[in-house]
Amino acid sequence: MSPTPRPRIPVGVLGATGTVGQRFLSLLADHPWFRVVAVTGSDRTVGKRYGEAVQWILPGDVPAEAAALTVLPTAPDLAGADGKEIPLLFSALGSDVAGPAEAELRDAGYFVVSNAGSHRMDHDVPLVVPEVNGDHLEILRGRKGRGAIATNPNCSTIGLVLALRPLHDRFGIEAVNVVTLQAVSGAGLPGVASLQILDNVIPYIPSEEEKIESETCRILGRLGGAGGGPGIEPAPIAISAQCNRVPVLDGHTECVSVRLRDSAAPAQAAAALRELDPPGTRDLPSAPRPPIVVVEAADRPQPRLDRGRGRGMAVTVGRIRPCPVLDLRFVLLSHNTLRGAAGGALLVAEQAVAAGLVEGVVSPVGQAVGGQLLQARGLKPRKSS
Amino acid sequence: MSPTPRPRIPVGVLGATGTVGQRFLSLLADHPWFRVVAVTGSDRTVGKRYGEAVQWILPGDVPAEAAALTVLPTAPDLAGADGKEIPLLFSALGSDVAGPAEAELRDAGYFVVSNAGSHRMDHDVPLVVPEVNGDHLEILRGRKGRGAIATNPNCSTIGLVLALRPLHDRFGIEAVNVVTLQAVSGAGLPGVASLQILDNVIPYIPSEEEKIESETCRILGRLGGAGGGPGIEPAPIAISAQCNRVPVLDGHTECVSVRLRDSAAPAQAAAALRELDPPGTRDLPSAPRPPIVVVEAADRPQPRLDRGRGRGMAVTVGRIRPCPVLDLRFVLLSHNTLRGAAGGALLVAEQAVAAGLVEGVVSPVGQAVGGQLLQARGLKPRKSS
Amino acid sequence: MSPTPRPRIPVGVLGATGTVGQRFLSLLADHPWFRVVAVTGSDRTVGKRYGEAVQWILPGDVPAEAAALTVLPTAPDLAGADGKEIPLLFSALGSDVAGPAEAELRDAGYFVVSNAGSHRMDHDVPLVVPEVNGDHLEILRGRKGRGAIATNPNCSTIGLVLALRPLHDRFGIEAVNVVTLQAVSGAGLPGVASLQILDNVIPYIPSEEEKIESETCRILGRLGGAGGGPGIEPAPIAISAQCNRVPVLDGHTECVSVRLRDSAAPAQAAAALRELDPPGTRDLPSAPRPPIVVVEAADRPQPRLDRGRGRGMAVTVGRIRPCPVLDLRFVLLSHNTLRGAAGGALLVAEQAVAAGLVEGVVSPVGQAVGGQLLQARGLKPRKSS
Amino acid sequence: MSPTPRPRIPVGVLGATGTVGQRFLSLLADHPWFRVVAVTGSDRTVGKRYGEAVQWILPGDVPAEAAALTVLPTAPDLAGADGKEIPLLFSALGSDVAGPAEAELRDAGYFVVSNAGSHRMDHDVPLVVPEVNGDHLEILRGRKGRGAIATNPNCSTIGLVLALRPLHDRFGIEAVNVVTLQAVSGAGLPGVASLQILDNVIPYIPSEEEKIESETCRILGRLGGAGGGPGIEPAPIAISAQCNRVPVLDGHTECVSVRLRDSAAPAQAAAALRELDPPGTRDLPSAPRPPIVVVEAADRPQPRLDRGRGRGMAVTVGRIRPCPVLDLRFVLLSHNTLRGAAGGALLVAEQAVAAGLVEGVVSPVGQAVGGQLLQARGLKPRKSS
């Protein structure tokens, strides 16, 4: 986890002035592998210094190095270079513009790790939580051309699949009922008006329930598509998600019930959750150890007290107990703008770099990690072209 | 609903200085049937004027009539009278003292309508939401002695059973998964510390889940116990409740999924909910018309916008849609200190008085209502002894 | 205060879909004098039914009568009529468009009562809080043409001048130091983002301090300008305002210190505040009686508990005590979207109508009120042309 | 600031289970000079492991070393030792018990650094903010007996005097008007009920205004009492404080106006604030560098964004501008449970230790600091007895 002596990899951040973009810059400010050399923004901000263009909403000041960068338009000729100079881009673009913009940049040769929803269900785009399905990144190996898009799931999905992964592997999940209590930071800025959420709950977040229901099945799905091709076969799990916005700044709470193929006592489930520790992510700078913290206190997890675990990258699970309707129920919490957005995407990028999937970038941890992606999930490596 | 010309019935409020007690006094300030003549409080407040003893937390000032009353100890010789003078008591006692205190007052001949949890599951105490199971009050008819206890369910249960009643009658409910987002006022004062709930969610409320799971089955149960006796046979419904405290002042939001015996399209369920209008409560002063408001907007109900419907006595239901795991899901909202506490208990008292169950008190709406309790639920009246 | 038998005066609401516009429609729904027959909105909403165009943020539903109106553009030919049919308009326009739009409507003959800041300091536009300086409306009497603009002060100014008026009359105010704690509803929608205000204070509201400092002097100023003309001579008071946004929905709290010409014990100041009861507003439908409520409890006023006094139209003052730096200090509270916006403007309109200042509209309370405007402030009436 | 190789000084924390006690343990967990070896608590907690006795409200878990300690009663024979073994105690006792308990421990020979208000105005107890009046600690030098009490001011006073110190030194402060917006954490647990503060402001905090008004004058006062004795002569400044509780977790905001002897342009005031850097605190582990951060953005400081500066030990000042009533006004923010409570007391202890004032403890930074206490304030050292 200590900085490597070799030069840090130059990266760009797309949509850098928004709330997710700010998180990216905050996390990348002292990153051992990456160094931000370009930021892009909307027409209103292009040409300004980032430090002047941004309405900074995180504690403290804008990171000095980023503050001095000039905001560029989101277009292929980033930094006026040919693309080789900035092999890796982080996308914090809004879903209104991410679709075509990211595709254009991929086609221009960039490796784009995106937090946007636009390409998550594309058959040639892996949707990845490294500890859960890092092996899905393999669909990018041997691809035509240098460019690629890899994506990070929806903020609510990430915490959920981290908790479901070990339960599914051990006991077989057949159905999931999840009700979320989501923080306002997930909506960005201006996002949820204070007049709407103070002393209130909004029991609806557009498209959120559909995303959780579809993304979860894809992420827990099997590498290797229906016809033996390189796609992902979704896991056959029935999922019901009900999403609420609550007056919390950061941290999504989720009340989960699951129906299992094999019976599981709460203590067995807790043990399975605690043991999640896939080899493919152990050496990545942003990976929390352990990824899942199981707490015993009856009234935990709580957003304000637990969202910071593992520097905002760990998921906290508590209240594991039998469910009178399905089989098992529990409460989970994850930090929605760290693990659930910028931090999660950063971890995907770290894994992709470590696995040698980003063309022109040598893995800081050796080629070993690449194989581990598959070994971690019990699969055999395919040949790289 | 207009005030009757006859003299109002003198009533007392037990535990009148707490948050629920304050709601009782607020609601009773201009009640057409009842007039508060006695208030009780803890040792710290006994002997003081109510207006000085109370830390009033509702908008505006203490109702003038109540402010002038002297706080009495919670004991049988209320007002120094023999009990006849105050036939009806409302109990806002905390669960730590309610059990023996209410029993003692019942034995002394008072008709006690309680918001406390202590006697809710007693076989000779009806647990009642008038529009749902007003007929359960019949177990008090022909009782030995004049005294009685009737109870109001837990604040989260009330909203739930109101929505479940018409669905159960029409489609047959087999299982319920409910996740609550509960307001802080439900915990009274000092209740939840601001330091615990600002920017936070607490995913645990002691005993709350158990109460919802057991009370719901009792309320939806059938009058007439197992052996043909006068008890209640609980409804055979599997229920899972997961309870959260959120930074909302008033109004419990509940995300509900149900498994049904007969299939129900969302529109059919909405129609069933809208049609709930039991004859046994129509003429009661505190009864909302209709009891259930079904809203169509995708982002409703919301606590701040909908908790006041029907003067805080109606339940609002929205987002009725199919459930991929069970059959149907929806969101409901009810005002936890009005419908869910003082207002709910007041409605129970009104129904008991209307049905002629409070000894020494003539029903303001005629004897007809008594019969309606049973007719409304499709049962035949038993003989009063 | 009871509805008059005569037909209600048709009025229009400009900018009706915003938060202030919604308050206007809510207050006008059952108004005894006025009836809303036209609403205007932005291009996005023109042509739609108001009920569909508005994102209603007040409790309950859109008033039925307003919901059915078609949203019109903000332009002189309202309702396709010649202006006579709608003599009175309420403006809830944003400050970005209010200036020219209101002037155009005035020139077209409408009497516009505006909540916007654009014309407040115009020499021919009265800036009025009826109980404070209703006589300033007299500058509209005998005006050329039928049209006029009358304005309502900034939301923070209104509460302040109500409390200052009787103190100034009795003791002579020389300086005022005011620090405000303002509710988020004052910023409208989207207004303050939840991400900015949860667990936070923003110690700055653009232009707010300047408005308080200048408007207060104008409102407390003397009718009759410098050269004996019809203008307003501002009161020579030094004012410092410091404004903060706090996570409160409705109700501005203000901590005030004043330097007085004549010494005033707290009890004398309280008496002066309690006695404010100008004859010129007594019979207006929206006027609170009394306009100022003085409370004794050490921890009052509080926004949530006191903002509703006088149906949101009264100002609550507490904690009156000596000031070690200036002379007297106290805390005041007023409801910023009722008294401080729509309700305040409505009261101005009522006073203007009562005083016979709205051409073509007969005063519902007789001509007497007109004279009272001046008599209430110790001035002689000028002739109406 | 790096840990010294010598053994860390054993310390105790009195009242360790409360919110301030928790902050002490959190700050002391990795302190380079101090090591917690004893914790005390109320009767309810005595004998339990601290980790079980405490209701931990800070993010993350109880520090492991503290969790294993057994809670002791607050009495002189701490750890069953003679007092020599634990030379230094931190008091987080409530004001209800702190007075006699701290006096008893002082008389038993302990050096007690207290956050409680009980002894702050005692003539032989220094009331200290190290960067402001560290020289006041000198009244403890040459004291009879080994024991002593040194105190930390009220949480609101600390931020204020830090900002006033350089202005007073440079321009001469004659009067101060301060209005505070205080966080709920200042009231501890249970403290302010959520039912009282959500969507609300409470314009009153018992005794707070008096504390600010008296403590500020003492802290800015001159070492050397009226008769040339060792006391403190208070600064002759007129101070008005008005205190409000707002729904913020941590961070007190203060709107300040000052009347100055010499005129000061805002830029001059800003420069004076930025230059505060007293030599007597430079090498203390908890001292922020700089102590005051001046920000330029119009809408800063804000509690959530600025309370963490200098690890919660720096004061942030913004909006420096002329005042139309007094001379200069500005907004300041300080973290009330770090700088304003446990962190502030810790800094006092560090300074006392560095100055050689704690008997039996060798200064980790050499004797030089002792002299600097006085030199920093332009005074000559007195002889130590």
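Some observations on this one:
As written, the chain order gives the labels A, B, C and D, with residue 1 at the start of each chain.
Operating definition for what follows: a contact is a pair of C-beta atoms (placed from the backbone, for glycine too) under 8 Å apart; a residue touches a chain by one contact, two chains touch by 3 or more.
These numbers were taken from a predicted model, which means no experiment stands behind them.
Taking B-D and C-D together, the chain pair joined by more C-beta contacts is C-D.
The chain with its C-alpha centre at the largest distance from the centre of subunit B is D.
Centre-to-centre separation of subunit B and subunit D, using mean CA positions: 50 Å.
Look at where the CA atoms of subunit B average out and do the same for subunit C: the two points lie 42 Å apart.
With each centre defined as the average position of its C-alpha atoms, the distance from subunit C to subunit D rounds to 45 Å.
Residues of subunit D found to touch two or more other chains are 57, 198-199, 247-249, 304-305. Against subunit B, in their complex, subunit C makes its touches with residues 57-60, 198-199, 249, 304-309. Per the touch definition, subunit B reaches subunit A in the complex via residues 175-177, 179, 181, 199-204, 206, 213, 238-240, 242, 244, 246-249, 253, 255, 257, 259, 298-305, 318-319, 323-326, 329, 331.
On the subunit C side of its complex with subunit A, the touching residues are 19, 57, 184-185, 187-199, 247-249.
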